[in-house]
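When the chains are written out, they are named A, B, C and D in that same order, and each has its own residue count from 1.
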Amino acid sequence: MIENKKVHKFGMVVDLDKCTGCGACMVSCMSENNVPFKEDESNKKDSITWMRVYKLTNGKSFPETEIVYLPRPCQHCGGIGDHGHSPCVSVCPATATDYGYDTGIVSQIYTRCFGCRYCMGACPYHARYFNWWDPKWPKGMENYLSPNVSPRMRGVVEKCSFCYHRYQLAREQAMIEDREIEEMEYQTACTTACPAGAIVFGDLNNPAHKVHQIVKPDPHPDPMNHKVVGKSRNPKVFRLLERLGTNPKVYYMSDREWVRKAGDNYLKGEWENVKTHHGASSSHG
Amino acid sequence: MKIDRRSFLGLGLGAAAGIALSPVGVKLTDDSSIWTQNWPWTPVPEDGEITYDRSVCSLCPGACGISVRKINGRPVKIEGLDDHPINNGGACLHGISGLQYLYDPARIKTPLKKNGNKFEKISWDEAISLVAQKLGEIRESDTPESLGLITGADNGSMSRLFERFMGAFGSPNTYTMPSLESNLALTAAAIHSADRSLGFDLDHSDFILSFGAAIIEGWGSPVACIQANASRRERKAKLVQVDYRLSNTANAADKIIAVKPGTEADLALGLCAVLLAKTQISTNTLYGDVNKLAFAAMLEKEYTPDKVEAITGVKAADIEALAMEFIKAKAPVAVPGKGRGDVGQSLREFAAVQALNALAGRLNKEGGVFVMWPAGYLNFPENVMDAAAEQGAGKAKLAGSVNELVDKLEKDGGLSALFIYNANPCYALNNPEKVKAAMDKVGFKVSFSSFMDETALRSDVILPASIFLERLEDVVSGAGLAKTVVGLCRPMVKPVFDTKHPGDALILLAQAMGAGIAQSFSWESYEACLEEVTEKIWDTLSDDGYVVIDDKPPVGTPATDFTFLVSAPKVAVPMGEGDYTLVPVDKMRLAGGSMTSSPFAVKTVSDTVLSGKYSVVEINPTTAGVLKDGDIAVLKTAMGTAKVKIGFNEGILPGVIGMPRGLGHAFNNPYVAGKGVNVNDLIGPVIEPGSGLDAAFGIKASLSKA
Amino acid sequence: MDDALIPEGAKRCAFPIFMIGIVIVGAVLLWGVYAMFLCWFKGLNQTNMNDYYGFALWIWADLAVIAVGGGAFFTGLLKYIFKVDELKNIINFAVIIGFICYSSALLILAIDIGQPLRGWFIFWHANVHSMLTEVAYCLSCYFAVLTIEFIPNILENRQANKVPFFHHLAHNMHEVMAVFAATGAFLSFFHQGSLGGVAGVMFGRPFAYREGLLIWPWTFFLFTWSAAAFGPCFTLLVTKITERITGKKLVGDKTINLLAKISGWMITTYIIAKIIDTIYWAFVTAPSMGFKLSHFYSNNGLYGYWMLITEVILCGVVPGLLLINKSTRENPTTRTIAIILGVIGVCLNRWVMVLQIMAVPVMSFDTWALYIPSWQEVATTILPVAYGIILIAVAYRYLPVFPQELELNESADAAAQNG
Amino acid sequence: MFPFCFEWAWDMGHAIFFGGFWYAIGILGAGMTYCFLKAAYDTINDNGDSHH
């Protein structure tokens, strides 16, 4: 059949030294994915932002203070050993969220979700959002809603899908033309919007893709922690909470050591070892 | 049959079994499943064919190319246009959320007439004849100069059309809201020559010295600036930010020069003094300069590093080192304009920074600053001026700037009618209460607004404008860009409400007025007008969607006239009393000036900027006194008081309070208005002698626990 | 007035007094029902839960009532499988308490989920890897078991028992009760465990995550064990309260002490396991993820070390020791203190395993999240308590719940008459 | 869930999980059916007093 035979592993790398925190990715995501809004969104703990930009500081005082903005979409975790049992998928009682073994994308089926919120508890990234309210658009504004992403209803969980509908559209086109999807054919809305070009998206399995070239994912389990697969062999690249074995497909990049260190939790003295290990693993494959 | 206990039992059991086995259960389950998966009140967007249309965003002066995705002709998404000469595929959050403006709850849906305190709906015919009649009365009373106009931008065919109307009517009283563009034009006029603008070639500079310019937070053409910053690392270009707080730009910079707020001009002059003292460039290479010697003498006397250190708080040694680093760079450029560079700016500061560029020989050089000619693609036919027009247009303007106009109106009045287009002075100028009082002195105000904003609410007649997605217009770049690109904004959708293109409204009005005015506006529509006046470039413009007029450094070195700098007296220190200096802070995610944020943009605003109904003010913990992070406090200035939330921020100079700009709107849009405080309410205008600009960068303030 | 329904020979308060009590508690119940409908019709925005606190008061209440309801399965297991015949004196009541706890748990779940009408998707689209699926399955099945165990007691009502079919049905159900009890024990073992597993499998949450055996994290076994250990404490506590309110001795001291003794040994063994688990987690599991114990217990207003100490020592070790020691166990005061501490301890454990998990930041730049429930949450959480009180009152009034009631109070009555 | 549902997979997880589930349901169902039938039988034959 006209199946795309290659197994993709779509992922992203965000250059934190380029990100300006402008918020274009957040809005592009909202507008692409029919994310609703309410009158007061200043309580960030109930504000649906599939892409959320965190602000980190190095904790030093002026003028040594440094800020970094960290855009956080769903990390599309592969779970321990990258077997597809991401923290959220493995706990969902109704199979309303699923791991796409052909894409590495963690999906969410809104019409099946019954709102138990176990997945939200399981996700350490706070990437999952609950519709506490029925989404309401001011009169007439539903007119801009896109048919490619179904609007959600009250009582279900939603999250970033890596703009899966864009993949579907690109895949359909590629199938018709009997070819593989080109790198630039499938890009997420946040990637295309970023004015600083800080986000690179593509297939981590495809050495021709820029994301692969930057990340250089190690296909073997980390010898120091077998739960971890796909660790970057680029010493400037890291993942959030990598040690937990969630194996996210969103990587971050920074020249600054304190930023890389902020990506995970380390006991006293551990960072020094990890830091060097990072470099060492680049000789690994 | 006798119903005994046994048969009753049997019947009951049988019925239960029957119901369990019948399809009723399955059917109900199935129905509830379907029903609960598709709530009738959850919208189901209509599907259809996907198409893309190109246009230009005119929400801000950035003039970015946009691509509008449509489903069966229905716009669903705005994205940056790939390969566009300004934004090259990038987009900012305001542009991306552009579709929300189409259906904004505060949109004005029909022409309106003020009746007492309420607006009543009227037809376009009624509205036009009402305005024409009022204006006719003014002309009959032989005071055509008492019609005023406040506009947002002063480039492009629409501003020319409004000016044309004023000319044909017979009034010189045209005012523009302060913008980076107008401030740069003023600077060019003050130290080079009139009718020029300045463009900063950030893309090719290897050393950007920014005097507080929020290069990645909305200064100039935001997307182009963010892209220029993003490419800095590959180009090995340095950014040094002079600032009093850790803005995002300061954070992205290689180096921060912490400076007392309001002393940026002195620092720039101090750098000029170092250059003069330590290098030979100024005396040898600059030519055709006016008052250079007086300027040099002033620098030598008043702006020695030690003296500048005392004023700015920057160490003398650092000033010297910075000046040398600047001059030794291959392509340095100094950039003026604190924050977005629009409100609360001083011409002295702009001019001082430009003098630094001039002394360093960076005028009209790649990677430097371009002293640019006007875009010059518009060719309007001669205005037909009747006697009344000739007489009125010859009179002197009431005031030199919009700020002076407000002053004048508030004190003595002087206008009998006022047009407001593309401007929201009742929100965007400092001390809006005074602006409102000034507005009340004007008998008849006509607004061409799309939204019922603070200023539209105070108008007598509203001729609602279609927004950029509903209209055709030429959008010319400016705003500090070192290139001139004219883009074509095209209607992406039919007007959603009973609105008109303001150009069409103006043409209708002019024709209703008759006489010379009608003759000056003899086009059948704005579209016909645009086609005629852009004749030279119309074909390319309509085919490609944009025309690059110029993107190379202008030829030759323009003369520099230091007279203004030599004579410019310093602006008074911030008014009022208090231990702190309150300064407004521009944020990328909050629109400033006349543009209002969209619901999406407001949604992205951090809780360290807006928390519930409170604006969060930045304050260094070391000078917070008894106040704690998250406390509600009363912020008091000479202009007013406001309840704010305290947000500790290590990244701000001690003693300075940073307050976000763009909040505190008061009109009917619950997603955007009624949140936080308008910082302009707390700051009084301080008019700069010699420029008429409101140079109030801040104000003395006190804080106490609520 | 309702004399015909009251068990033969039993003394009950006057009907109007009974009704006054019911009406008072019923008002609280209606308040809860009102809040419940608010949540159903307006949605979960009625709560103070948020995206950080996806699980909050309700899930704690759910886990807590199931834990304390564990007395039913454990007593049933001892009575019907291990043939500890002495427990026949309290089994009916244990079953009623269990029935209340489990029906409450199901009701809370029905309020807690965002789309209650889709609740059955958990059965229809089950994900067998999810601990919550296991919980739902075993919970609903075990609720069926409890209903089955409760039915004979209902049928023993003086009027119902006159109907021959009901009489026979009750009799036959008693006959095969051991089979039901065994199934119930099996189901209970799994869902109590799965509830522990719910927290333990969350490998993205180092505070919750535990290593374990095959697919079961240690919390799986700890939860089952703690429910079996502390459940009887709750049964004893409710019995004590009922005795206090009715002013009658309802269960013989021998039975009470036996159950207390069993509970004591269960608590003691559980708490040893819990301590080992805590030490392993604190010094091996969490550090392997980059966390020090202090990360979980500082920098916030509520979750300090006191929580851990209270749970493990004060409400774990102490009641355990008090109940295994014969003198303190048989002293009504120390026994009561022990069972109260035990109930608090298990509830605190469930609180920690639900709310503290949500509160602890995981990303290095995240912050502690604290939450205060809304009144709607509080009302719906009190609702089951009111419902339980009413059900116990009705059951006590009309059903022969306590086999020893007449015997224990005859002598008292006689003594009173003689005196 | 039944084996004819599309999410069904013939693997260990489903076999153990649903095996246990249907087993429990089966026992409860069979037990209750027995009780009802036996009670009905006893009622009809009215030898119910024997156990008193």
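One rule holds for everything that comes next: a residue touches a chain if its C-beta (ideal position, glycine included) is under 8 Å from a C-beta of that chain, and two chains touch if they have at least 3 such contacts.
Quick caveat: nothing in here was measured; it's all calculated off a predicted structure.
Chemist: When you average C-alpha coordinates per chain, which one falls nearest the overall C-alpha average? Tell me, please.
Modeler: So the chain sitting closest to the middle is A.
Chemist: So which has more C-beta pairs touching, B-C or A-C?
Modeler: Of A-C and B-C, it is A-C that has more C-beta pairs in contact.
Chemist: Roughly how far is chain A from chain C, going centre to centre by Cα mean, in whole Å?
Modeler: 40
Chemist: When the C-alpha atoms of chain B and chain D are each averaged to a single point, how far apart are the two points in Å?
Modeler: 73
Chemist: Calculate how many whole Å lie between the centre of chain B and the centre of chain C, each centre taken as the average of the chain's C-alpha atoms.
Modeler: 62
Chemist: Using Cα averages as centroids, what's the distance between chain A and chain B in whole Å?
Modeler: Each chain's C-alpha centroid was found; their separation is 33 Å.
Chemist: Residues of chain C that touch two or more other chains: which are they?
Modeler: Each of 115, 118, 124-127, 129, 133, 165 in chain C touches at least two other chains.
Chemist: At least two other chains touched by the same residue of chain D: list those residues.
Modeler: 7, 36, 40, 43
Chemist: Indicate the residues of chain B shared as contacts by at least two other chains.
Modeler: Residues 5, 9, 37 of chain B each touch two or more of the other chains.
Chemist: Taking the complex as given, what residues does chain C use to touch chain D?
Modeler: 123-129, 133-134, 137-138, 141, 144-145, 148, 164-165, 167-169, 171-173, 176, 179-180, 183, 186-187, 190
Chemist: Okay, in this complex, where on chain D does chain C touch?
Modeler: Touching chain C from chain D are residues 1, 5, 7, 13-14, 17-18, 20-21, 24-25, 27-28, 31-32, 34-36, 38-40, 42-43, 46, 48, 51.
Chemist: For chain B, which residues are in contact with chain C within the complex?
Modeler: It is residues 5, 9, 29, 32-33, 35-37 of chain B that touch chain C.
Chemist: Across the complex, what residues on chain A touch chain B?
Modeler: Touching chain B: residues 17-18, 20-24, 26-28, 30-32, 34, 37-44, 47, 49, 53, 55, 57, 59-63, 65-67, 69, 111-112, 134-135, 137-147, 150-154, 169, 189, 192-198 of chain A.
Chemist: Quick check: in the complex, which residue numbers of chain C touch chain B?
Modeler: Interface residues on chain C, with respect to chain B: 115, 117-118, 120, 165.
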